[in-house]
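Accompanying notes for the structure given below.
All chains are identified by letter, namely A, B, C, D and E, in their written order; residue positions are counted from 1 within each chain.
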Amino acid sequence: MLEVTLRHRFGRAEANGFALEAGFAMPDSGVTALFGPSGCGKSTILSAVAGLLRPQEGRITLHGTVLLDTAGGIFVAPERRRCGVVFQDSRLFPHLSVASNLRYGLRRAPPDAAGPGFEEVVALLGIAPLLERRPGRLSGGERQRVALGRALLARPRLLLMDEPLAALDAARRGEVLPFLARLRDAAGIPILYVTHALDEVDALADRLVLLEAGRVLAEGPVEALAARTDLPLAARRDAGSLIPCAVAAHDPARGLTRLAFAGGAFHVPLRPEPVGTHARIRLRARDVAVATEQPRGLSTQNILPAILAAITEANAAHEVFLRLTVGPTAILARVTRDSVARLGLRPGMALWAVVKAVTFDHAGAKATTGPDLPDAVRVAEPVADGAPPDERPIPPRPSPGRTPIGRLR
Amino acid sequence: MPLHVEPVLGLSAEEWQAVRLSLGVAARSVLVSLIPAVGIAWLLARGRFPGRTLLDALVHLPLVVPPVVVGWGLLMLFGVRGPIGGPLHDWFGLRLVFTTEGAALATAVMSFPLIVRAVRLGLEHVDQGLEAAARTLGAGPLDRFVTITLPLMSPGILAGAVTAFAAGLGEFGAVITFASNIPGETQTLPLAIYTATQTAGGEATAARLALVSFVLAISGLLLAELIARRMHLLLGRG
Amino acid sequence: AQEVTVFAAASLTDAMRALGAAWQARGNPAPRFSFAASSALARQIEQGAPADLFMSADESWMDYLQQRGLIVDATRVSPIGNALVLVSPANAVRPVTLTRNTDLLALVGPQGRIATGDPAHVPVGRYARAALGWMGQWEAIAPRLARADNVRAALLLVERGEAPYGIVYATDAAASAGVRVVGAFPAESHTPITHPFALTRRAKGNAQARALQEFLTGPEATQAWQRFGFLLAR
Amino acid sequence: MLEVTLRHRFGRAEANGFALEAGFAMPDSGVTALFGPSGCGKSTILSAVAGLLRPQEGRITLHGTVLLDTAGGIFVAPERRRCGVVFQDSRLFPHLSVASNLRYGLRRAPPDAAGPGFEEVVALLGIAPLLERRPGRLSGGERQRVALGRALLARPRLLLMDEPLAALDAARRGEVLPFLARLRDAAGIPILYVTHALDEVDALADRLVLLEAGRVLAEGPVEALAARTDLPLAARRDAGSLIPCAVAAHDPARGLTRLAFAGGAFHVPLRPEPVGTHARIRLRARDVAVATEQPRGLSTQNILPAILAAITEANAAHEVFLRLTVGPTAILARVTRDSVARLGLRPGMALWAVVKAVTFDHAGAKATTGPDLPDAVRVAEPVADGAPPDERPIPPRPSPGRTPIGRLR
Amino acid sequence: MPLHVEPVLGLSAEEWQAVRLSLGVAARSVLVSLIPAVGIAWLLARGRFPGRTLLDALVHLPLVVPPVVVGWGLLMLFGVRGPIGGPLHDWFGLRLVFTTEGAALATAVMSFPLIVRAVRLGLEHVDQGLEAAARTLGAGPLDRFVTITLPLMSPGILAGAVTAFAAGLGEFGAVITFASNIPGETQTLPLAIYTATQTAGGEATAARLALVSFVLAISGLLLAELIARRMHLLLGRG
C-alpha cells in the first residue's frame, strides 16, 4: 500500500504559480494510473514519490515504511527508496551497453531482494538481440523496453512510470504496450503509471486517480470511473465502459472467440489467448446502439438484451448517454436526443444493445483489483444472431498469488 | 656510463632534454591539476554556497595576474621559508622550488583556470536526468559520480586536459620565477627559448625551438580531436 | 666530484657558457647554470634555491643577499666590469661624443626613443639613469625611454630599428651584429659597472664551487672575459 | 503544379543505407499529403523540395520554374525558392518576439508578392494576444500556430509542412487542426503535408502520395485511395471511405444536420456550418454494419439502402471488407467472415448499410480536387428511420476561385 | 596646465594611470579580436576545407608558445622593418611598437585562442535548424548570419570577450617585449606589478596592484555573468 499526501507550490503564491494539493492511496498490486491533462501535476507527484522532488509538505508511506514526512523531518534519499522509475525520455546511460544499463540497478539492489533474474527480464521484454548495443543505436520503442527492464531489475518495491509511451508514434506504442501489460501481470510489483492517454489507461490500469490542476478529482477502480458520466472522462469522445471477462470458448471454424462476462457474452474475432484467460474489454459509448425490437439479419455480432437504467447528459448538446444494464454489468451507449424521442426511450424499458465494436484489452492472467468478477463466470444466453460457439469448460480463475515471471513463457 | 645523446633533427642534446622536460612538466601539471579541477568545476557548476562567486574569481586569478607574479607568489608560499614550503621541507624533506615538480606545480597553477573552465562546461552538458535515473536505481552520491557523471563529462575533461597541456608547453614566467632556469631540471622549452634569445645570435635557435614547441602542441591537439571523436561515438552523440 | 650550480645574470649567458665548457674541458663536471634576471635569482636564493655560485649583474642584488646572510662574505669579489655605451642600428653611422653637453633629445628626434633596461629594476637601466642624470637630461629623456625587461630585449629594439638609440652594456653591443656602438658614456657618468660573484651560504664547504669561482677569476678566464668585451677590475 | 523526381541514397550502397527513388506531382491548390511509416523518406523529400537537401539526382519544377535539375546543374538556393516550411519542431527564432518572428519572412518577401497581410494572418490564427511574447513562453500548440503564420507571411508559392502536429498532445492537436484547415481554405497556396497520422490526412488532405521505403506506392485523390483495400491503409483499423458532401439542411428542433452526398444523405448532430458548405465525412469501415432486412426501432440515425458490390480480404484473418455502393458512392464495411456466412452475403445483394458513426472533416469552403461532386447535389430519399429535416434550398457551390483570406472572419 | 592626480585608494598617480591603461588595453584588445575571432570560429565550426586543422593549430599558437616569443614574433612582423609594420609605417605613418595600440595588439594576439574557443563553442550550440528555417524564409547568407546566427551565438561571444578581457588584464610577456614598458603608454598593470616585484622591497606595492587587477577582473566576470543570465532569458533558455 502506497499512501501519498502532498502539498507543493512552484513559484510565488501571489503569482499564478502552480499549486499541488493531492492525496491518494494505491494497493499493493496492479496498475494505478495518474490521469489528467498536461500540467496538472502528474510528474510532480511521481517525482515526489521517487524522492527526486522534495515537496514543501507531505507524507508518503510505502508498505508501512515512511519515505517522507515533512512534519517529522523524514526524507529517505531516492537511492534508498527502491522505487524503480521509467522516464518518458527513457534516460538510458549513453556510455553503457544495453546489458550494462540493465545490470546497473541489479548490481545495486539488496542481495536479499527477490525479483526476476536478468535472463527472465531480457526474455520478457524481447531485448536479447540488443544487449551488446549502445542506447544511441536503439529505436524509440526499443529504448523504452530497455528502460522498463532496467527499472524492473533494480528489484524495486514499486514501479513508477511517467508517460513511458508518450514519445513514441502509434506503431512504436503498439510495440511496447504488450510488454507493459506482461510486466504488470508477471512482475507482481505495484505500478504507478502517469499518462494522459486514455487508451493506455484502458489497456493497463486497474485503478485510476483523476487529477485536475493539482487536485484529485476522483479515485477508484477504472471500470467504476469509466462509467461515470459526471467526470471529464465522459467528455472525451471515447467515453465508455470497461468490462472484466474471461475467454469462455474458441470456435476456430467460425473464427470467433466467446468472452463471458457477468451478464452475458461477447463474440469477437478469434483470439490467441487460452480458454480461461481473464481479460478486459472496452465498449465505447459511441460504438453501442440500441434497438427497441430484436434486430434481424444484421451483420453485427453482439446484440444483447438490456434494460435502460438511466438517461444522462453527454457534454454534446444534442446527444445523451444511455446507461444500460446487462445482468449486473453496466454498459454506456451514446445516442442523439432525436433517437431518444423517435424511439420513445424511457428508463426501465427493455432494449437490445447493439455492440458494433469491442476493444480487447491486452491479455494476461491478470489479478483484477476492480469490482470483483464472480468466480465462475455465468454463461450467458446465446447471442441473438447466431449459435453459440462450442462450449468448453472454464477453468477456475488463477489464485490471487501472482504467477512468477519465470513461468510465463 | 653517461648517456651520450646525438644531436637529432638539428637539436642539441640539451635542447632535446628541454623537449623531454617540457613534455614531462606539461603532463605532470595536467595530472596534478585534473582532480582538483574536476572537484572545483563540480562545485562551481552544481554547488549553491555563499562563496561560489569568490571561488570562481579565485580560480581565474592566474589568468588575470601576470605569470611572473604568480611565480613570485608561489615562491613566497612554497619556498623553503614559505608558510607551505617550509613545513613541507622541514618535516618531509620535500622541496618544490627549483625542481621539475616545482615547474609542474607552477605550470599547473597557471593552466588551472583553463582546465576548470573546460571541465565545467563538460559538466554542464551532462544531463542531470541521467544522474536522477541512477539515484532511483540505488546509486549513492560517489557511486553515481564515478559511474555516470565522470564518464559523461569526460569530453570536457579531455578538452581541458589538452588545452592545459598545450598551454603548459608554453608556460614561462611562472616557471622561471618559481623554479628557475636549470637545464635538465626546470629548463623547459620556453625557458630554453628565452635563454636562446639572451644569447647573441640565438634567434635561429629560438625560432627552431619555438617550432618544436608548436609541433608538439599541435600533435597534442590533433590527438585530442581524434580521441574526442571516438568518445562522442562511445557516448552515442556521434 | 660535487656538482656546482651557478645562478648567473642573463647578461652573462654567452660568456658563462664558454667558460663552463672550458671548465668542463679541464676534467671537471659540467656546472649547472640558471640564467635569469638578477632579481629573480636573488629572490630564489633567498627562498633556498640550490645555487652554489651567484653572479649578479650589479652590486645591489648581491647586497640584498649579503644583508640577509645568504652568501659567504669572504668570497664576494667583483673581478669584471662593463662599460655603458650608446648603440644605434647597424646601418646608422654617425658617431656621437657623449659629454655633459650632448643634447640627446635632439639626437633622438621628436618621435624617437632610447631603449634600455627598466631603470626601476634592470641594472643596465639604473646605470643609464645615473649617466643621463650626470648629463642633466634624465628628466627630459625619461618619458622617451623604451624600458625593456633585460638588456637583450633593449638591444633587440635597436636591432629592429624600433628605437634609433639604445643604452646597453658594451659586452652586449659587441655580441650583436645588428647594432653599432656610436658612443661610450664616460666612466665618471655612473658608478662603476661591476658584476659581483659570491659563493652562497649553502656552498660554504663545497670545494668544487670554490674551485670554479677561482677558475672564473683566474688567468684563463680573464682572457675569455676580455674576449666577450668585459672590463677587468683594476 | 509541383513536379518532383528524386533519387537519393544515404550511406553506402552495399551497406543497408536508405535509398529514395520517388516521383510525384501535385496540383496548384489544396493539400497533398505525403503519407507513410516512420523512416520512409517523407522528410527527405520535403527537404529536397525546400532546397535544404541537395539530392544526388533529381528534377523539381514549381509552376514551370525549375528549382532543381541535377542533370542541368541547376540548384536554386532555398532562400530563392519561396517555399514556406513549417517544421515539426516549429523552429521559431528564440531571440525574437512572436511579432518579429512573423515578420521575418514578410520583410524578405518580394514586394510584389501577393498574399495575406500581417493583421489577417494574426487574426486567422488567433495569435493576437501572443505578439509581444518570446517563443520560449508559448505552449506547443501556440508555437505551431506562430510557425504556420510565419511561413504563410513569407508569401510562399508553396507551403511545406513536416508533421506540424506530431509533437503535440491530443488536446493541442485539436487546437491547431482547425487553424490548419482554415489556412488550407483561405490561403490559396498549394500545401505539401507530411504526416504519418491518418486522422490528419482525413481532416486536411485532398490528394495523397503513399510512400513506403523510399518509393511511391500510390498517388491520387484521398477518397480514391481510402477506399482501396489493396493498399496498406486498409490494414489499419481505421480504414474507411471519405465522402464529399454538402450541408443540405439544419433541423435545430431535432438537433440534426443533413449532409447530402451523391447517392443519399447523412444525419449528424447539429453542425455550425451554414447550409451549402462543402465538407467531407469519413466512414470508417468498422463503423458500418449491414442488414439484410430493413432494421426497425434502431437508435442508429443513418441507415442507407445499398448494393453489395464486392467482398474483399481484410488483413485480419477472420474479417473481410464489404464494398457497398450507395448510388454512385462507395462505402466500405468491415464484418466477420462468420457474419458473411450467417447472412449469406453475396455480391449484387441489396442491403442496408447501418452507419453507426460519422466523422466530420474540418469544415470550410473547400475547393475539392478529388472526384467531382455533382454541381447540384441530388437530394436523396428520406432516411429509413425518421422524417427528413426541414428542406432548405442548397445554394450554388462557391466558384473555384478561392475566398481571399481577408474576408474569412 | 598639467593634470594633477591625487593618490586615491593608496594608489599613486602612476599606478592609477596603469589601471586606466590596463582597462583600455584589455578593452581594445577584445574589440580588435572579436570580429576576426567570430570569423575564424565560424570557419572552424562550419567550414569543410583542407587546411582546417592547420588553421585550428595556428589559432592555438599563442597559447603554446611562450608570450615573450609571441612578442618577439610580433616585433618581427609589425616592427617598422617588418613585412606588415614596415608598409603600415611608411605609407600610413602608423606605428604599433611602443604604443598603447601595440600593447592592445599584443594582448589581442595572446588572448585570441581563448576568445576563438569560446565563440566556437557558442556557435556549436546554435541550432542549425533555425538557420535552415531562416533560409526558407528568404534570408541570404549574410542576412541569416547577422539576424540569426550572431544573436544566437552571442552568449559564446560574451563568454569569449570576458575571458579575453580578464586574460588581457594580466597579459605581460608579449606586451613588454613588443610594446616595452613605458609609463602612461604601455605600462599596464601587470607590467607595473612586475616592476614592483623586481624591486627590493616592492612586495607590498606588487600585492596591492595584484589585488586591484584581481578586483577588476572579477568585476568583469561578475558583470558578464549578469549579462549572460539576461541573455539566456532573452534567448528563451532561462
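Quick notes
In the analysis below, contacts are C-beta pairs under 8 Å (C-beta built on N, C-alpha and C of every residue); 3 or more make two chains touch, one makes a residue touch a chain.
Please read all numbers here as calculations on a predicted model, not as lab measurements.
Shared contacts of chain D and chain E, meaning chains that touch the two of them, come down to nothing at all.
Common neighbours of chain C and chain E, by the contact definition above: B. Rounded to whole angstrom units, the spacing between the C-alpha centres of chain A and chain B is 58. Measuring from the averaged C-alpha position of chain A to that of chain E gives a distance of 62 Å. Centre-to-centre, using mean CA coordinates, chain A is 33 Å away from chain D. Between the CA-based centres of chain B and chain C the separation comes to 34 Å, rounded to the whole angstrom. In chain B, 72, 197 are the positions where the chain touches two or more neighbouring chains simultaneously. Within chain D, not a single residue touches two or more of the remaining chains. The multi-chain contact residues of chain C, meaning those touching 2 or more other chains, are 40, 156. Inter-chain contacts occur between A-B, A-D, B-C, B-E, C-E, D-E.
If you check the complex, the residues on chain C that touch chain E are 37, 39-40, 60-61, 64, 113, 115, 118, 120-122, 143, 145-149, 153, 156-157, 160-163.
Against chain C, in their complex, chain B makes its touches with residues 72, 75-76, 79-82, 85, 89, 95, 97-98, 176-177, 180-187, 195, 197-201. Of all residues in chain A, those touching chain D in their complex are 37-38, 166, 169-172, 196-197, 254-256, 267, 269-270, 286-287, 289-293, 295-301, 316-319, 333, 335-339, 341-343, 345, 354, 356-357, 385-386. Chain A meets chain B in the complex at residues 50-52, 77-85, 87, 89, 91, 93-95, 104-105, 108-109, 134-137, 150-151, 154, 160.
In the complex of the two chains, the chain E residues touching chain D come out as 127, 129-130, 132-140, 143-144, 147-148, 151-152, 234-238.
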